[in-house]
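Naming follows writing order (A, B, C, D and E), and every chain is counted from residue 1.
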């Protein structure tokens, strides 16, 4: 009985999708050549595929519901394994050791290409962590994050091109420019509510890109800036091979630095204010928190990181043009934050690795890459909206008046 | 008429109802009293199908309704006046009333019913073309009750009709509630903070604590029950 | 760092094992490895894939003849989706697989980004399609060659044609804000201003993907321009032309080889009549070109796409240079490229000091009766 | 006794609607002043105006905090008003549900602490000491309000009555000289209301602050207030001791209803 | 003066399209407070469906009017079906999720649909037949505006009027407004809100399809990417007018259309999009709820 109705449901779904995809999947027209191609095979594929998938879909929905119920019934959330591991020192320290060793020997056992990819992934880790301050902690949806990335990249590109300034000199300048733009753009718009903020930041992101594209005198337009210097090693320019390794370690350092800073920030007076602001703005203000200033600090800090990574990006690719800073890039960074788990540092790291490395290694399916990317976003949101790692924010555990429970050492 | 059997409902990660049994007979006014957070509103929302019960059964006139969608439940004759009134702010008073009759198709008797509720609450007649949001608190409560009546319910669920109203208005509204029950023979399920007032109009009462029914009796006896007096009547 | 733990480690372990498997697929030494890089997926794939096919055809031929220097030729195809940041990864991946020469990349931006990497490892790179002038003219990339003429040559031809043949005094210059289109338009404007013979009455970029171009078209009309010189690709060009003709404007439309494409005529239909476009010199009579096209048809069952012949020529030139140079060494190959003529579908070519092909240039075409016909 | 806050001719308009209409009100040092009136009379709007969430259309609000310079609070931003020593609770509880009870109170300390971004990152001596002091102070307040047993719970998981108390605790953490309570007893049963009653009196005694209170529970209002002001349609229609208000015919007509007299 | 009128008419055409698509955004936002990022893709799918059906019919020798009607019909039906399905898959399971989740899901859906069409069809631009008939009487005014432009504007106007009537006077319309204002209460009076939300998506998608067919036959070509930029612009228009407000979306569409048209005509098309976005930013800063949106004072 149950089985029958399930099959009937799937059959209906399958029929519906066969209907739905009929014109696009089955018919291919070439109006230029006045040709029409009928691909009935696709219809069969869609039919069978959606029949099977609809079972899977419903099964997963049921699983999700059951999971929720279990949590309710238990009355408490399951402590995520990640937290358990991080709290168990016997497990955690060896793991950390193995990981560190792996990180250090990585560039020496793998090819330059692998190192390059890893560096790229790490860049996205840092970008994700930066955006995480804005979106995850302060709850401000920023769809134009890539604008600050562009600002950083062009800061280095232009200073290097015109004045020959090196990476190390410009890195703080890039961070500063990011922060400056964050404040300039943030100041007027931060009093807007969630979705409006999202759309205005999207607008700003596009404006920055369009200006870079059109203002030839400043930015060299769409042809971009080439021959940007790689980071120097105590004033020496390195060969390509060693530069790759050097950039990799630089990136590792930067990522560690970012994790350190973000971790400290989120367990501080400022971090608390961000989280509270995300929870309830009005109550926050009534408690004496300056809404604008606090939001601005989150926005500017996120932008600072984007600016810094922009400099790094320019130094790594040695060539920049506006095409690298499209909305899609913002969407990818945002997806990293959301996929990993908003507000969670470990989540963002894993999110970056999954979203950047997986497509890189699935090049064989390169045509389907973006298709899968889109599908993954939807599926994640439907079945695991809290991200891969739900936020296990460390809360203040009060353990007595003499031992203030700020146990984050 | 309405029967809740061991209803358990989860709300967020809190179990709001921990096995509730309630029975309402035709033509009665019953009241459910208890402190905030005891699960009174959740009980009503479970009956209306807004929050689906995790387990347990709800029967209305013998039919199980715990797996029905809210609109089906309304069509069976259960209307609710939710806590906080929930007037459609931008719709006019008339439109609000028409929304109350959303599932009905009998045009003529709809206009009859509108006349009826205007008779109950004459002030609404003056306000008929005003947007719901511009009404005062008391008027909104009247509109909310009228809207619920527009569905011609057999069972009317009222959630905290006295909330935030001046004592004067509260008195008026409770008078009308009694009137609806006696004139229209509408069964009424009343949830109230103000236990004193509620028990005065109701025939029977249930006392709820922490998601469980702890006491069930006729109103008179509840009014004189020592425990109830102490905890809910503040005597 | 406490946050990094179990699952992260697991992920890392999985990734590690993945990478090991991938990096283990080394190719047996001995073969000559030719990297083919360009956009092979995404919306620009139609510019990149013909190059892969050209390379495959050339290599098949050569391997059938027993390879060169007694070694088989092997292709390593990598996608860069025309994005600079991806192109650098693509380049380093090719290098880590020890390619000897690279055929690619397709887009100028990606090429520029990748060249930095090839340059340091002294790898000869030859693009069939990157027309950005500084690639060769800046002298920054001695390892770079191309079988297509640079944008400024096209712009010059367009401007000369408008001034000398059409004898126009007022000209509007438009572009699509892209790397290629805008670069070309910049040159065209420069040449026009330098000549002093005509006035640039309008210089603007249009936005690809916009709903409607009627405002720009009205503006062209209002400017009183006798001709539009457009830098960009055919989709926007056909929209512009169609709108102009629908508004009964007789303004000449002169464009580049992004427009000299049969699709343009098919899309714009009757409105395409009379449009001028520069394009690579006509090689339709060249027997090698005919043979290459036939081979493509035979192998893949369709007509070749964009830059196919340029890519074919580039592949031939690269392999010929290795053969003539007698090794895959940078010096030998680049010398051979600069000194030895090679017979290709584009004609007999060799490369000048900067890396541009000698004997490759542009001619002006006009749409007549639904076909591009060389002017004069 | 000296007035700590003086409101003169305060008017608030929303579009065409006048929510508060030329209202005069004085809050004296260490008094409990109750504000009653039907819903929509403008009581909460008055609170919003005092705390800077809305700007008044007309009128003035001045404060004279004990031991500090007097001044106006017209047009100040909410956070500044709080820093000046006026703080509030909300009619519909506005806690930070995903933060712990302790963290909620620590947010109240925000305006009395000063660690900045740099301090947070480098975590110098001063910062660490300040954090410690914040934790201790917050815990102290939780003890005082009688909800210290929940210290590590998430605020959202607290029983209803405790949430109300936590709001008061959070407000106290900002060290106010006037505490505005918006229907603190709403939704409480008589037992919980009794606890609240004691707490409010205790706060007045121990913290030596003035309390301005909106409440519908007449029993609570009558028992703890020093004075009562009655609002209707944005205007103050009466003011006086509980006894006076109880017998004021205007108030009976507009708000209490005949029955209440009996 | 003639130049001005020409630009004005051009802006009107462009604005009509923005308005048609903005309506879908605004209706969906009004009812479930979601920025339906995939809406632009619905528009693209509508255009593709029309192209495919028109090509097939052309091969079978149908006459022009029949092709126009059938292709448009197919576009509307299929777009609606896609809108309906998208809501069921990507948004419905997320009704109670935090606000950001459905937005991410929508971005994912948008990327998915783009690539779905890219893979199933082609990345090339395809010529779109000029389906809109030429009117004889327009010959005289050709220098100002074409038949197609007129047709686009008229269709938009008619659709607007019909839509306003539907929302204002029908039961469904009332239910939509009620659901938008207070979803829970709408359920309590017996509105099947799932159905209402589906209907909203269907209507919005149908309007997008109309926009897609009209503009594609005016411009003459489409590819898989046309939805993205137009989608963002239309969304801008919706926000400009006050998201959630139907007349707002229309007004926003026209204002955006004219801004772009006049900015191009009198300044430069280089910064066409910059003007559009700058306008958006300015409006939101000075009138955060949009031109016709009511800035309901926040309830405290």
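Simple rule for what comes next: a contact is a pair of C-beta atoms (placed from the backbone, for glycine too) under 8 Å apart; a residue touches a chain by one contact, two chains touch by 3 or more.
Keep in mind it's a predicted model, so treat the numbers as computed, not measured.
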{"item": "Given chain A and chain B, the chains that contact each of them", "value": "D, E"}
{"item": "Selected interface, A-C versus B-E, where C-beta contact pairs are more numerous", "value": "A-C"}
{"item": "Central subunit by CA centre of mass proxy", "value": "A"}
{"item": "Distance between chain centroids, defined by C-alpha means - chain A, chain E (Å)", "value": "29"}
{"item": "Separation of chain D from chain E, taking each centre as the mean of its C-alpha atoms, in whole Å", "value": "48"}
{"item": "Inter-centroid spacing, chain D versus chain A (mean Cα positions, whole Å)", "value": "42"}
{"item": "Separation of chain C from chain D, taking each centre as the mean of its C-alpha atoms, in whole Å", "value": "71"}
{"item": "Residue numbers of chain C (touch at least two other chains)", "value": "42, 177, 205, 263, 266-267"}
{"item": "Contacts with 2+ other chains: residues of chain D", "value": "53, 90"}
{"item": "Touching two or more other chains - residue numbers and ranges from chain A", "value": "32, 214, 282, 367, 370"}
{"item": "Touching residues on chain A, where the partner in the complex is chain C", "value": "32-33, 81-82, 84-86, 91-92, 95-96, 98-99, 102, 110-114, 116-117, 120, 213-214, 216, 221-224, 226-227, 239-240, 244, 256, 259-260, 263, 313, 316-321, 323-324, 344-346, 349-350, 353-354, 357, 360-361, 363, 366-367, 369-370, 388-389"}
{"item": "Residue numbers on chain A that touch chain E, as the complex places them", "value": "16, 19-21, 23-25, 27-32, 34, 36, 42, 61, 135, 141, 188-189, 191-196, 198-200, 202-204, 206-207, 210-211, 214, 282, 327-328, 331, 334-335, 338, 342, 367-368, 370-371, 373-378, 380-382, 385"}
{"item": "Complex contact set, residues of chain E against chain A", "value": "29, 33, 35, 45, 48-49, 51-53, 55-56, 58-59, 74, 78, 81-82, 85, 89-90, 93-94, 97-105, 107-117, 119-122, 126-129, 232, 235-236, 239, 243, 270-271, 273-274, 277-278, 280-281, 284-285, 288, 298, 300"}
{"item": "Residues of chain E that touch chain C when the two form their complex", "value": "3, 6-7, 9-11, 13-14, 17-18, 118, 123-127, 142-143, 146, 149, 215, 218-221, 223-226, 228-230, 233, 260-262, 264-265, 268-270, 272-273"}
{"item": "Footprint of chain D on chain B - complex, ascending", "value": "12-14, 34-37, 134, 136-138, 164-171, 193, 230-234"}
